[in-house]
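Take a look at these structures.
Both complexes shown next keep chain A, but they swap its partner, so chain B is in the first and chain C is in the second.
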Partner chain A sequence: MFRMILFTQWRESRLAVLAMAVAAVAIPLLSLRGSWPSTDPWIAWDLLRSTAQWGVAYPILALLAALLLAAAAWWPDHRTKHVYALTLPISRRRYLLLRYVAGVTFLLGITVALIASALVATSRLSLPPLLHVYPFGTGLRFFLAGLSAYTILFALNGLAPRTARVLAALGIVLVLVSLLADLLSLGWNPLAWVMEALLSPYSPLAIFRGRWMLIDV
Partner chain B sequence: MTDTIEIRELSYQVEGFALKDVNLTVPSGAVYGFLGPNGAGKTTTIRLLLGLLRASGGGIKVFGEEVPTDIVSILGRTGYVPERPHLYPSLTVAEAVSLHAAFHHRFDHRASKDLAARFELPMNRTLSRLSKGEMGKALILLALAQHPDLLVLDEPTDGLDPVVRREVMHAILDYVTETGATVLISSHLVHELERFCDWIGVLDQGTIVAQLPMQEFKSGLKRLRVAAGASAIAAPFSVIARAEAGIGGEVWTVRGWQPEMSSWFDEAHPLKEVVDLDLEEAFVELLRSARNPSGREA
Partner chain C sequence: MCRIRACLIVLLAVGAVPLAAQDSAATLLRMEARLDSLTRAAAVRRSAAARTRINDTVVVGGLRVATSAPYRLLVQAAADKAWRSLLTRFGPTVVEPAVIPVVPFGATGIPVRTPSAVAELAQMFERISAVAIWQQRDPPLTAWLRGNVPGDPVTSRDLGSVAEQLAGRPARPNIACLQGDAPKCAAALGIGIGVDTLGEWYPPSTWPKLAFLIGGGLSRADLVSRQSCMNRGDLAACRSVLTPVRLLPPVGIEGRRYLVQLALEAGGDSAFHRLTQDTSLPIESRLAAAAGVPVRTLLVQWVAAVQRAMPRGPTDPLWESLVSMVWSIAILTLALRGSRWW
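Now for the complex of A and B:
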């Protein structure tokens, strides 16, 4: 059962998954490309700066992967107005779980690609003293960030069209009110409040905050 | 005989349309033709039956189990062919079969192969590239191969050419003959159902206007050619439509007719002819009388 759900989701998302996997392989390699070969090590400062610059790409990739996987999870059912899914002899809760886990499986695949690439990229480095590589830490963080975003987007994507429209309308109103408040110099910005709340230390999306360092002290 | 489907006082309302106190009973083993003009509420009733929509009132039982409470168990024994294709278009026919088989524990792979060969389905073609006829056959293949006790077919042959239509209907009939499964088939193609169904229910504007065995429906409905001036008051049958027909004659469409009733007409206003109505004519007359009850004379 799960195998077939995984297969249908693969059919819809294979290009996106492959593109994400390629990006996951590319980012660690590109971020350290100047530090090879190991006979000519960078000084610590340059290495940290390069790692920090490329570190921005990890959360972006995690968010993008989450977005595409969440869309792909629902796309076959949205296209068929959910009739096929709802006439399968399986509880809705179980069906949702199958679809959700299929998306997580692909996210895991992308994460494995990222860790493998990070391991290869860092294995060829001759690190200056006091610096360490974190391929597994970066991979785990990437997976958890992707998982948090995927969970939220999967839930949003699965909403009834009417609820989704209401949420979209609220989002638009929020942006417009924020723009207006900014134009009138009112000194408050509801969009900033929402973003702050979403990325607060207590939010599941807090994992996106801060620096993503493949190499750090 | 027990009933596979029992619908009691079913109500459902959306903007501009309502099902009102629908009562419908499908006996086990019956091939039940669910007739009605477009927009009558057939598809809505079927969607309620399969738990795709929530009723605002009344109750539905299938195999003695409640909808929607026991819907998972019910769907495990029910093959469904919707009005519009509902399969994932990016899959090939073979992949759609595998997906369907993974969820239906009674799926018969041998029957699936036999039907695929019988229908000459291109198994490696994606569903999005199938012709309308091929898609219709693929839907029937999936519904039959899951070996259901109940088949719910919502306009299964709508838009198909006569050859494909015949192939599909024969496959359904073969399955029913072999397994004794119950069939609920909705259609507005009245002629198609006439040959296959042993029960019919007629839905119009969200209300059931008739429900009876096919034989009874067909035999009791007649068109009588009578002399002008005859009164239908106190007739042993009911007149559902009455119209002038040339000089000195009238045509009555009646229900509940028996051959011995011809003696009811007197010599002054004799019965000239009794004409059998086919299902389509009977259906049209039934709808006409249901929509315009004041046109009747009893």
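Now for the complex of A and C:
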């Protein structure tokens, strides 16, 4: 059953998965492109700067991959009014789990591409003292960030229309209240609180913060 | 046709005047004078505008804040808080005789009405006053800290940046310092180095890029030297442009600030007094006097703290990854609970 689900999902999302995999291969290679002669006294400085500059690309890619994979997991069912899912002799819970795991499998594939590319990119470097390469650490963080965002988006995509409407209405109310509070100079902003909560150290999206350094101290 | 010809003549006349005058030093001087006069006029206008908005003064101890009536209560509360904090931090014998410049607040018209604004404002008043106190009590140390006097405690993240600087900047003492060599850390922090700062900190092969990294504010002669240093590797030109003030230090100022913070923490209540007692002494002697321990001990503590705060790859801290996984499981469980298809 899982193979069938995986296959149907692959058919729907292969372009997105391949594009994300290509991007995952490109980012580490691009971040360490050019020559890094070990005799250059500034090599450590240049490596750290280049890695830091390209570090923002990893969370963006993880978010994008999660968005595309979550959309691809639900899109065929939304399009066909869930007829295919209802014809299968399995419970909704099991079906959703299979769909979810299929998406995670693709995310894992993109992560493997990222780790392989990072290993290739860092293998031709002779590192200055005290610097280390973290291809597996970067890959793991990428996977966990992608997983967090994918899970949230997957859950949002699967909401019943009524719940989705309530959530959308809550969002609009939040924006309106924030605007009103701003206009009245009340000094508090609920939208800012929500954003702060979403990115606070113990929030589901906290993994997106912090250092995304392929090469670090 | 005639109109076109007339236009051409006018254009030539208008264009010819500045072209002819471009090389003239007198014209340049005249323009400079006009620019100066415009700048002065703008300053007078700003000052006049500020006077119309700032019409009240709050005085708490030696702290004076020029403000406007709507902000009075807020400023009073913040100034009280800041003054109490200054007294605790430096002691009355230091704070009361200090001359703190008048702090303007409220002219910008930013609406500030929240209770948290009191704490933020108090922090701002305290910071401005602390800079003034440090500058009056200890100009050499303030200069060594480049005005970034101790205030808010240096965080673990700041120390992580210090570790990154030690590993990334190609200064002679950096690698050994990060590996735990305290005397090398002293050199990296600019303690006990000789007259030739550039030579002691950086090997000549790094000088051209150091020149490239200098920010603005260079004179024409400096710019020529910088070009010569960068393009031809002219070491004499490098020396002339890479003065100690312009030179990228092996460790950022946060590192120096943390050393002073360590000394003040180790020394207890009268540490500030001992630190600033004799400003003619070298900084290392004064730090040792303030802390009550040899400067080497302080440096060992400093490097140990930097090593502890060293970034350890993208999966550090591990709990962040665990939290992310727990959230994923929790959200997935919720998503799978429903029974409706659509």
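The rule is simple: the second predicted complex is superposed on the first by the 202 of 217 C-alpha atoms of A that agree within 3 Å, B and C clash if a C-alpha of one lies under 4 Å from a C-alpha of the other, contacts with A are read in each partner's own complex, and residues count from 1 in each chain.
By our rule, contacts are C-beta pairs under 8 Å (C-beta built on N, C-alpha and C of every residue); 3 or more make two chains touch, one makes a residue touch a chain.
Predicted model, so just to flag it, every value in this text is computed and none were measured.
Visitor: Quick one: chain B and chain C on chain A, clash or fit?
Guide: fit
Visitor: Of the two partner chains, chain B (first) and chain C (second), which one does A:L86 touch, if any: first, second, both, or neither?
Guide: Touch status of A:L86: both partners.
Visitor: Please determine whether it is chain B or chain C that touches the greater number of chain A residues.
Guide: So, of the two partners, C touches more residues of chain A.
Visitor: Centred on chain A, what angle do chain B and chain C make, from Cα centres, as a multiple of 10°?
Guide: The three centres form an angle at chain A of 150 degrees.
Visitor: After the superposition on A, what does A:R3 contact: first (chain B), second (chain C), both or neither?
Guide: A:R3 sits against chain B, while chain C stays out of touch.
Visitor: Of the partners chain B and chain C, which touch A:V175 in the superposed model: first, second, both, neither?
Guide: Touch status of A:V175: no partner.
Visitor: Quick one: is A:E12 in contact with chain B, with chain C, with both, or with neither? Answer first, second, both or neither.
Guide: In the superposition, A:E12 contacts chain B only.
Visitor: Once chain A of both complexes is superposed, is A:A206 in touch with chain B (first), chain C (second), both, or neither?
Guide: After superposing on A, A:A206 lies in contact with chain C but is clear of chain B.
Visitor: Looking at the superposed set of three chains, what is the minimum CA distance between chain B and chain C in Å?
Guide: 8 Å.
Visitor: Would you tell me the residues on chain A in contact with chain B in one complex that are also in contact with chain C in the other?
Guide: In the superposed arrangement, which is not itself an observed complex, chain A uses residues 81, 86 for both chain B and chain C.
Visitor: Which residues of chain B touch chain A in their complex?
Guide: By the definition above, chain B touches chain A via 50-52, 72-73, 75-76, 80, 82, 85-91, 95, 98-99, 102-104.
Visitor: Can you list the residues on chain C that touch chain A in the complex?
Guide: Listed in rising order, the residues are 111-114, 116-117, 163-164, 166-170, 175, 178-179, 203, 205-206, 209, 310-316, 320-321, 323-325, 327-328, 331-332, 334-342.
Visitor: Within their complex, state which residues of chain A touch chain C.
Guide: It comes out as residues 41-42, 44-45, 48-49, 78, 81-82, 85-86, 92-93, 96-97, 100, 128-132, 134, 137-138, 140-141, 144-145, 147-148, 151-152, 154-155, 158, 160-161, 185-188, 201-204, 206-207, 210-214, 216-217.
Visitor: Quick check on the complex: what are the chain A residues that touch chain B?
Guide: So the residues of chain A touching chain B come out as 1, 3-4, 7-8, 11-12, 76, 79-81, 83-84, 86-91.
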